[in-house]
Structures are given as C-alpha cells and as structure tokens.
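Two complexes, one shared chain (subunit A), two partners (subunit B, subunit C).
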Partner chain A sequence: MQTSEAVSTNTNAKGNKKKSFQFLYFIGPHLILFFVFVLLPIVYGIYSSFTQWNLISDQTWVGLNNYKTILLDQDSTFYFQFRNGLKNTLLFVLYTIPFQILFPLLIATVMQHKGLKFKGLFQAIFYVPGLVSASAGALIWLLIFNPRLGPMNNLVNSDIVWTAQQPYAWIVIFVMSMWGAIGGNLIIYRSAMAGVSEDLYEAAEIDGAGAIRKFISITLPSIRFPLFYTFVMSTAGAFNVYVQPLMATNGGPNQSTTVLMMYIRNLAFGSGESVAGMASAMAVLLGLVILAVSALQFYVMTKRSKG
Partner chain B sequence: MKKNNVSKYLAYAFLILLALVWLFPALFGLFTSFKSQGDIMEVGFRMFPANWIVTNYLKLLQNTSSAPIITWFFNSLFVSTTHALLVVVVVSLAAFGYTRVNFKGRDALFYGVLAISMFPSAVNIIPSYKIVDSLGWVNTYLAVIIPGLGGVGNVFLVRQFMQNIPAEYDESARMDGASDFVIYKNIILPLVKPVLIVAGMFSFVGSWNDFLWPTIVLSDVKKMTITAGLQLLQDLYGNYVMIGQLMSAAVIAMIPTVLLFVFAQKYFIDSLNLNVGIK
Partner chain C sequence: MKNAHRKFLSAATLAGITLLAGCGNANTITFWNPLTGDDGAYMDALVAEYNETDPEFPVESVITADMYTKIYTVMNSGKDIPDLTLIHADRVPQFADLDMLEPVEGLMATNTDLSADNYLEVAWNAGNYEGTQYTVPLDIHGNAMYYNTDLLDKYDVNTFLDDDVVTIEEILSLDGKLDEGQYAINNALIEWVTLANVVNAGGDISDEAGNPTINTDAMRSVVEQLKSVADAGLMSPYGEDGYAMFQAGDVLFSTDGTWTSTAHGSVEGLNFGVTNIYSVTPDKFTNRSSAHLFSLLNNEDRTDEKEQGIADFLSWMRENSIDWAGAGQIVASKEVFESEEYQQYPQSFFTSSDVEKEASYIFDYKYYSYVESALGTVLSDMIYGNITIDEGLDQAQKTVEDLIAENAS
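So, the complex of A and B:
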C-alpha cells in the first residue's frame, strides 16, 4: 500500500484523490445491478405486501390486511389458495428431499467400489438431465406417461390416466423432477468421499467392521459438511418448485398439485385483474417459511455435529 | 478376492440398470422425434422408429408464426451467451474490487451484500417485473439478460478464488507502476480464468433453462426463449396430436446445454466442488 501511494504521487499529482474512489470502477457495476435487481425488489416486495395493488395504478397502503386475509379469513379464496399452495409445496419438499439426498448418497457409495470402470461415464449419465431445461424434460416425460401412447402404460399394461388422478399425478411430478435432481449432489458426495483417508477404512476393516458399519462410522461423519450443504440447498430449491407441476398437471386434479408459486404467479400476472399486493404477501410468507426451514436445518445440524 | 468380485458385479448391475433408466427419457425423446405420427400411434411399445424421418424437424423450421422454434432457439442462444459473457465481466471486476482494492468497510460491504442475497427469491419476482417495466424493458432481451447480473453467488465464488492468489503478484507489478486496472487485466484475470469459465458456463445453463421469469417479461411470441416457449407448444400441439414435432422441439431445446457439458465436463464437476469448498 505504501509503495503504491509513493508511485502514484510520483506519476500523478492528483493520484491520491483519484485512488480513493477507484474501487467503484470495480465493484460499482455489480453494486448497481445488485441494488436495482436484488435489494430494491426485496424492499419493494415487502412494502407491496402491505398494499393493495394491481401493478398498474398506485399502491394503496392497507397495513396488515393482506396478511389477515391470507392467514385468518376462512371465507376468502386467498386463504384457501395460500393454505393449499403451501400444503402442496411442502408435500413436494417432503416427497423429494429424502430422495434427492439419500439416492445420490447410495449411488456414490456404490461407486466407491475400487474395481469399477467407467465411473466418469456413469456420473455423466446421472448429471446431464440436470442441465436439460425442465420444460423439455417435461414434454418427454409426459409422453412416457401418456395414457394411450406412453411406454409406461404399455409396459405395465394398465390404462391409468397418470396426470388426472392421485397419487399418480404426484408420481409423475416426482419422477420428472428427480430425473435432473440427483446428479449435482452425486458429484459433490463423490468428491467428498474421495477425500476420506483410506487408512480410516483399513483400520476399521482390521477391527472387523462391515460395509454398513464403515459407512455409518467413517463415511457419514467425514462428509457431513457437504451433506449439510446439499440438504439446505436442495430444500430451498424444492420450495421454489413451479415448472414440473405446471407442465404435468397444471395444478390438477382438483388443485391437489397447485404449488404456492403457481398461485403467486397467477394472482400477480394471471389473466384476471392483478392482485399483486396479495400475491406479494404470499411471496413474503413463502420466503419466511424457506428462511425458517433453513434456519431450523442449520440449528439442528450444527448442534449435532458439535455434540 | 472372490467376495470382492461378486460385490463388483452387483455394483455394475445396479449402476447399469440405473443408467439405463436415466438415459431412457432422453433417448426415447430423441428416437420419437424421428418417428411419423402413424408410427407413434401404433399399439405396443417400440423404442426405434420403423422408418426414420426428418419431417418433424423440417415442419418445425417452417413454423414461423404460432411457434417459431428456430427463432426461439436463436433468441435463447443470444440471451444466454450475452448474459454469461456479462456475468464474467461484472463478476471478475467485482471480485477484484473486493479482494485487491483497499477501501474502508470493504469486507463488511461484501458480507452485507451476500447476506441480503440469501433472502429467498420468491419475493423478488413481482417487484422485479415492475422495475423492468418502468425501465421499458418488458418484451426486450434486456429483461432476461440484465437482472440476473445482480446475483452474488458467482462474486462469492470468484472472490474466494482470488483471495488465494498471493499478494506478491500484484505488489511487484504495482512497484513497476502498474495501475489497478492493468493488474486486473494482465495479472489476475489470466489466473482466475478457470473459475470464470465455470461462472460463465453455469450462468449460460441457468439462463437457458430459466422458465418462470421469461414467461412473465416476454409475452411477444417472437421474442420468447425456447425454454419458456415449449410451454406454448404444449398447448398448441395439445392432446399430443403432433408428438414427433413436440419431441423434436424438446430435443432442439436440450442440445446446447448437453453439448456444453460434453465439451467442458471437467469444469462442471470442478465447479460443483468449488461451491461446497471441497478441494
């Protein structure tokens, strides 16, 4: 730092003054974009949740009214939509998160086997669907589950209309979503496992530990940080589920797969009069649920790893 | 030794079976895109086309009004490429500022920005639309290129990477009279190239696959991105009356990100580990 100031006084008499704002050339562009497209939307979104707003005319401050309607007014459709949307979103999280964590963990464990070849190829096959746009994947899966023409009904010789009745509608959404959701976690677990010292396993073997014992006492504790990371990130991601239920069932049958993001989007940008204030309140509540769940996960996991 | 062989074959059996299940949809979609409607309607399951035809793809090329898929494809290519390149520029500049330029409260500012960015993005969508609308960007590519540049994840990633570059590198250059910008351009940028490629590629894939946001800010059919457009296609070819074309559209939408992976597999795998902090 000293040297650089010495240089700038040598070469440029005004150097010092110029220097003090020079950091703005570097962080300025990102800071402006961050302000306009991240910070401002958060503040504006929270503010909007206390207003009545149709996206066009001025916002009218209504205090906690939107929240009261959503949470307490049992006669309101918004009350029903929020409850139903949150319930379906939570169901999706509950159905998919165990699979998104445990299944890649199982595959990674199997791939630890030393004699195996083509590990990179297997990994690629599981990972690539995650790079495919969910809407393209959905089109293909919907054909697979097509009642008349799809291979699914042909193979098991049934005539189930998959997307029109439960629990099949959820199964389609589950399969569609999980196709692209395991590869990333698989790669993370494999790298983490590769970092576990071989000596630990050998020592355990000498003590007569079997595969399961080794997995529980050595592998799991050694990869607990990546495990925790994927748990939190996958959960937060699952709360934003939208494309798959939209394309697969459009929320049906009987709104049993309408997730909260679908209600929020439709209330704000649907064909009817926009109720963006109400939708903002729902979005804020969804955000709070996500934060609360992340915090809970963080609390439980850090407590456990310390104890 | 023998026990080891048995477990090896079991492992192979498990992985091969699973790999087939995972490959099936992509291959089924690909093969179906070369089938005629009559071929598809035939009873019983067949993986491969009876006659390979390219008519489905040709028909897609001809559709320039209700579902101009080729237009969407190039829209997406333009949007995602531009977005990814801008991410590389904006993020590398910011990461340099947060690691290499000294100013008061630098780290506090960065952690503040990072903490705010953790707020769930569900809240941002409606106000972001209003902001983009007041900028006059609705139905322009700017609406899908620019807002994502405010994200903090990539800045965090590249900043971590830059912190590991020893300070001696720039100090000796500074003594030779190099300005911050020269140090950024000639010394730091070449050293962080791998992580910038990672950031750029992930931004490309993220932008290509983004669905919700483009359906909100792009209503003009000609302006649409392909990922968002496929939903229109589903309605248009509803009840699966033009399955071959539906599948060829899906295949076209999948090609760029899959190709990117094929050519840059190493970067994708490295990046996932960079994010978690393994290695």
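So, the complex of A and C:
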C-alpha cells in the first residue's frame, strides 16, 4: 500500500531511488516572499535597534544605548513613551482578546443549532466587517458616536462626548475592534465545530449531559487546536493595534489611548528627522513581549491538553 | 502543433514586454507630490495642460500620500529617485543638512524668470537655507480664519473685523451672550493658532543657538488665554468636530486653512468671509503658514537637458498657475497673485497688502516639526484642563530636547 508523502521516492530508469522536490514548487514562492519581506526586515530591524539612524545617513553603532534609555532612563521621553504605549497596548489586549474569542465561540455554537435558518447570511453579516478597511470603518463609527449627529447619542438622549473622556474612549475603540474582529474567528470555529462527530453529542445526551456540559466536555476539547491558533494569532494581532486608536481618539484624552505602535511610527516616520534606531529598539521590545506572551499561551494550552 | 503554439505565445509575450518597456520615455520628468484629495486633481489638470504644449520633456505627476517615507527609501537605494518633487517648507533645513537637495541655482541661471522678484517673498525665502536657494515655490498655504456673517450680524459684532484683527479680548466679551450650542471659536488647527500667537506675543519657538524654547512665558501666556476662552464655554468642546460645527452654522470663527474655502463654499446656507487668525494683542496678527516648494532631490541620473526641461516646466507654472488658486492655495507667483483674475478668490485677501503679506509666517526653525508635534500632543489637554499648563509645556519641551539629542545628523 502506497502512502503519500511530501517527498516521494521514485525509482528512475537506472533503478536508483530518486527524491522528488516537487514540494518546493508549492512552498517555494511563499518562502521567497517570506524571506524577502518578513525575515530580512526583521533581522535588519534588530540590527537597527543597536544604531542611531535617520533613514538617510549611514547608521552609527551605539550598542545597547537605545535599550538603556528606554528601559532605565526615567527622565527620558522615550522611557515615558515606551511605558505609556505598552501599558495602553496591554489594556487593549486585555479588553478585547477575551471577547474576540468568546463572542465568535458563542455565535458559532448557536449557529450549530439545526433549527437555525439562513446560517450563510448570518455568517456573511458577521464576516463582512472584517473585510472593510479599518480606516473606513473607523470613520463610520466616529459618525455613529458623533455627540451631535450620531445615532448613539440621539437614540438614548445622551450628550457624552465619547472620544474625549474615559472610559468612553476605550468603549469606542472596543466596539470598533469587535465589529471587525468577530468574523474571522467565527469562520474558523464554525468549520472546526462542523468536524466534531455527532455521535459524541448523541452519546453524551444519552448519558444525560446538558447543553453546557456538552459544550465544555465535547466541543471545546474537540476544537482545541483551532482555539489555540486563534488565541495566539488574535493576541499577537492585538499587540500590533494601531488604526483604531489613531482614527478614533488620536491617542487621547491625555495620551490614555496612545498605543506603542503609534509612538513607534511617529519616531520612525514623523514629520521631523527620523529617530529610527530608537523606534526599532521599541519595536524589538514589543516583539519580545509578544513572543513571551505567545510562549506562555503555548505552555498553558499544551499543558492543558496533556492534563 | 503544441510546440509551435507554445513558441508563438512566448514570442508574442516577449514582443509585448518589449513594447511596454519602450513606453517608459527617458525624457519624462517624474514629478512626485503629496497632494491627495482635491488638490491632487487640480495639480493633475495643470500638468496635463502643460503636457498639451508638447514640451520636449513632458511631466508625469505621481501623487503619493506617503511621499516622505518613499523619498527616504529611494534616497537610500539610489534608484528611481524622482526628477522633481513638491515638498513642504519645514522639510527644507532637514533635507539640506542631509545633503538630499540640489540647489536650484542651475535652473535660475538658464531661466532667469525663476527669481525672488517674481515670487511672494515669504514663499521664496522658505526655500533659502544658509544662503543657498534650494526650491522654487508653488504656493503658501496656512491658517485662515473664516467667520459666519449671519452670526456676526446676529450677535452684532461686525466691529470685531474693523482692524482686520480679532482679539481674544473681543472673543471673551461674548461670554454669556451666545445661544446654547453656539460657540465663538473652534479648536481646528489650534497648534498653528498657538504658535502664531507666540510670535504675536513677542516670543519664538527657538533661541539663537538653535535650542527649542517651548516652555516660555510667551507660550504659557498664550495657552492660558486660550484656556480662558475654553473655560468660558466659548470654544467648541473637546472631542467635537469644530470644523463641522462651523459648517453647521454654530461657530462664529473657524481657524482652519486657506484650502477649505471650497469646502465651505459648497455648504448651502453658509455665508462666510475670511480674515486673519485671532490674536492675543491688537497690535500684531500672524497666520502660521507653510509652503509647497518644487525641489530637486540629489540624483546623479538627472541630465542637464532634463534639468532644462524642469526649468521650463517651472517657468510655465509661474505664468499659468492661476488654476491652482481653485484649490484654495495662495499662489506664490507674482504674475498670478497680482492678476485681476486672482482677486475673485477668497485667499487673495492674504496678498492684498504688504501688512497682509508679512502676516503669513513660515517658521524656519530646523526642528519646527518636532515642536509642532510635541505641542500638539499636549495642547488640547492643557486647554481643556486634563493636565496643567506647566506639566504640558514641560513635557513638550523635554520631548523636543530628547528628540534633538537622538538625531543622527
């Protein structure tokens, strides 16, 4: 019986076994793009973080100076920007990630119900916002939350200026983010749940399991890999948040929604001379934070699956 | 049969590619500009009009929103550097220090009409750094204050416009007199208003040694006065769109830009005029401005013949840029802004007298962008009381100092 393998061995005319590298045709293009547009820039960015650079002149090696300033020099603007930016980014991750997993999970569970009609339509309604450009979506949400003209204030007869005070500023950013984020994970969960055997549910029902029991003991364990994947990817994506706070609040009020990516971008591509070395150092530190969080998630999720 | 088919296809493809390659004319002047939106449409029309004159070196206008990032990329790689670029005034010192610009003295030598005499003084000087002329101006564009004529009548304050300068004192006199939901001023471009008023108050954003001076008495006084207007409820509220409120007819004075006249003009029922930005003193008024300047990025591949082509294009622009006024800009070419046709545009107000011309102020401090950005981060918070003025100015001062210290050049 022949089993299909990525590398197949065929016997050629001389009777020698010959390895086929057909797989390279499939992953080759992506590998090249990955190398040129992802790996090389990452390596160059790490190198830049040890330099003083304005994007035009040659780089000047400064060793760990940038990192020392960001992490240790309490008087420095860059120390403040890194801490404030990271704090706000962490807040965004904490506010949005649980719901970015929970909402799609619950919706996918509901959509599993056999009696529910128009499943495709509902899925499209949830998915389409994720396709809309984040900037365009932000502009529309700003109109919705407009204190004078927006339906939000006019329907509930309120005069809150949403983007000018906390916690409303975070609420606007949260709503904007959820609107666009639910669809992507929903599709993944639905497809994963569709693969769970009906027999398991029937057996559980016979044993007297209720809906919640079935969800916790059958559905969740069966979809743990897609769940893990979406958890890690969504978290990493959330750490890179940039558009929503920029468009909604421009980082205000009082820099309470200025996320780290905004500070990094302004340092590297602001209107004055670029301080790209410092920006690269901040970006490397952010990358390390994301790496640490992902490693923690990996540990927790795989420990769970073994236990 | 299959083989012949394949050969024919590859030959046809090759021929096609060769033809397409031939389409890239070596005589084309690539012209990069950051004019997105309606501005870009006006510029494209002007360039098309020039190309219709069948020049030896036609111009290809390339609009990019992220032009400055792209400039860094091409200057680094040395490939595909554009022949002509339109940059803002505040980039000139930085680019000149980094040896990114070729002086335009070569163009001025062959086309003698490209000279200081034929342009608005402040626009021409914006391109002059340490005695060398690096640019030929297209326009200046800046802070302009629009007033709602109906509201001025309603509150009987037309006298504010008498001396062409509305003062903060006059604005504060409206305390308690406005209907609910109506405001005397909005907070559009409030950083520019603040910077201009620092000049009115006799201050500056830098000292002679080139150090930033943000945390000064003049700056503090200006911010305090703006804060007093906000505290009196006369400034549109924090977080609200003051520009839209002006268009809705709820704001007497809107401090936006020369380029918004066309947008305001398209609002039904909005009757407005334009004047100078309000001031902390009746003795002086300043309208913070910037300029769009034609410049030549250092490029070894640009031939002398092409530079002549560029000079010819700039001479043509000098004579024919009246259409640029349609975009709401203050055209820098003397021939245009002194023409009768130009006087129909609202922005002709800013070139109507020597006093007006002098009021258009372009900051030439090398680190101006840092100052504007650092001030902008804390200004609204100071004005609306989220932080104290001392905290805000200290932070802005420190931010600019730290950035300058980190500069590689």
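List of remarks:
Simple rule for what comes next: the second predicted complex is superposed on the first by the 271 of 307 C-alpha atoms of A that agree within 3 Å, B and C clash if a C-alpha of one lies under 4 Å from a C-alpha of the other, contacts with A are read in each partner's own complex, and residues count from 1 in each chain.
By definition in this document, a contact is a pair of C-beta atoms (placed from the backbone, for glycine too) under 8 Å apart; a residue touches a chain by one contact, two chains touch by 3 or more.
No experiment lies behind these values; they were computed from the predicted model shown.
Because the two structures share subunit A, they can be overlaid on it, and in that overlay subunit B clashes with subunit C. Touch counts on subunit A: comparing subunit C and subunit B, the chain ahead is B. With both structures placed on the common chain, the touch criterion links A:254 to subunit C but leaves subunit B unconnected. By the touch criterion defined above, A:146 lies against subunit B and subunit C together after alignment on the C-alpha atoms of chain A. Of the two partner chains placed by superposition, only subunit C is touched by A:273; subunit B is not. Of the two partner chains placed by the overlay, only subunit C lies in contact with A:164; subunit B stays clear of it. In the superposition on chain A, A:240 makes contact with subunit B only, not with subunit C. In the superposition on chain A, contact of A:91 is made with neither subunit B nor subunit C.
By the touch criterion defined above, A:57 lies against subunit C but remains apart from subunit B after alignment on the C-alpha atoms of chain A. In the overlay built on the shared chain, the residue A:22 is in contact with subunit B alone; subunit C does not reach it. Once chain A of one complex is fitted onto chain A of the other, the partner contacts of A:77 are limited to subunit C, with no touch recorded for subunit B. Taking the listed stretches 92-100, 128-136, 146-154 or 254-262 of subunit B in turn, the superposition on chain A shows a clash with subunit C for 128-136 alone. Once the two complexes are overlaid on chain A, the subunit A residues touched by subunit B in the first and by subunit C in the second are 55, 146, 149, 269.
Note for the complex: subunit B touches subunit A at residues 4-5, 7-8, 11-12, 14-15, 18-19, 22-23, 25-26, 28-29, 32, 40-41, 44-45, 89-91, 93-94, 96-98, 100-103, 106, 109, 113, 116-117, 119-131, 146-152, 155, 171, 174-175, 177, 180-181, 184, 205, 208-209, 211-212, 216, 226-228, 230-231, 233-234, 240, 243, 246-247, 249-251, 253-254, 257-258, 260-261, 265, 268-269, 272-273, 276-279. Remark: subunit C residues 68-69, 72, 75-76, 90, 94, 98, 100, 237-241, 244-245, 248, 367-370, 372-373, 377, 380-381, 384, 386-387, 395, 398-399, 402-403, 406-409 touch subunit A in the complex.
Within the complex, the subunit A residues that touch subunit C are 52-57, 59-60, 75-78, 146-149, 161-165, 251-255, 266, 269-275, 277-278. Partner subunit B is touched in their complex by these residues of subunit A: 1, 3-4, 7, 11, 20, 22-23, 25-31, 33-42, 44-46, 48, 55, 107, 110-111, 113, 115-116, 120, 122-129, 131-144, 146, 149, 151, 154-155, 179, 184, 187-188, 191-192, 195, 225-226, 229-230, 236, 239-240, 242-243, 246-247, 261, 264-265, 268-269, 276, 279-280, 283-284, 286-287, 290-291.
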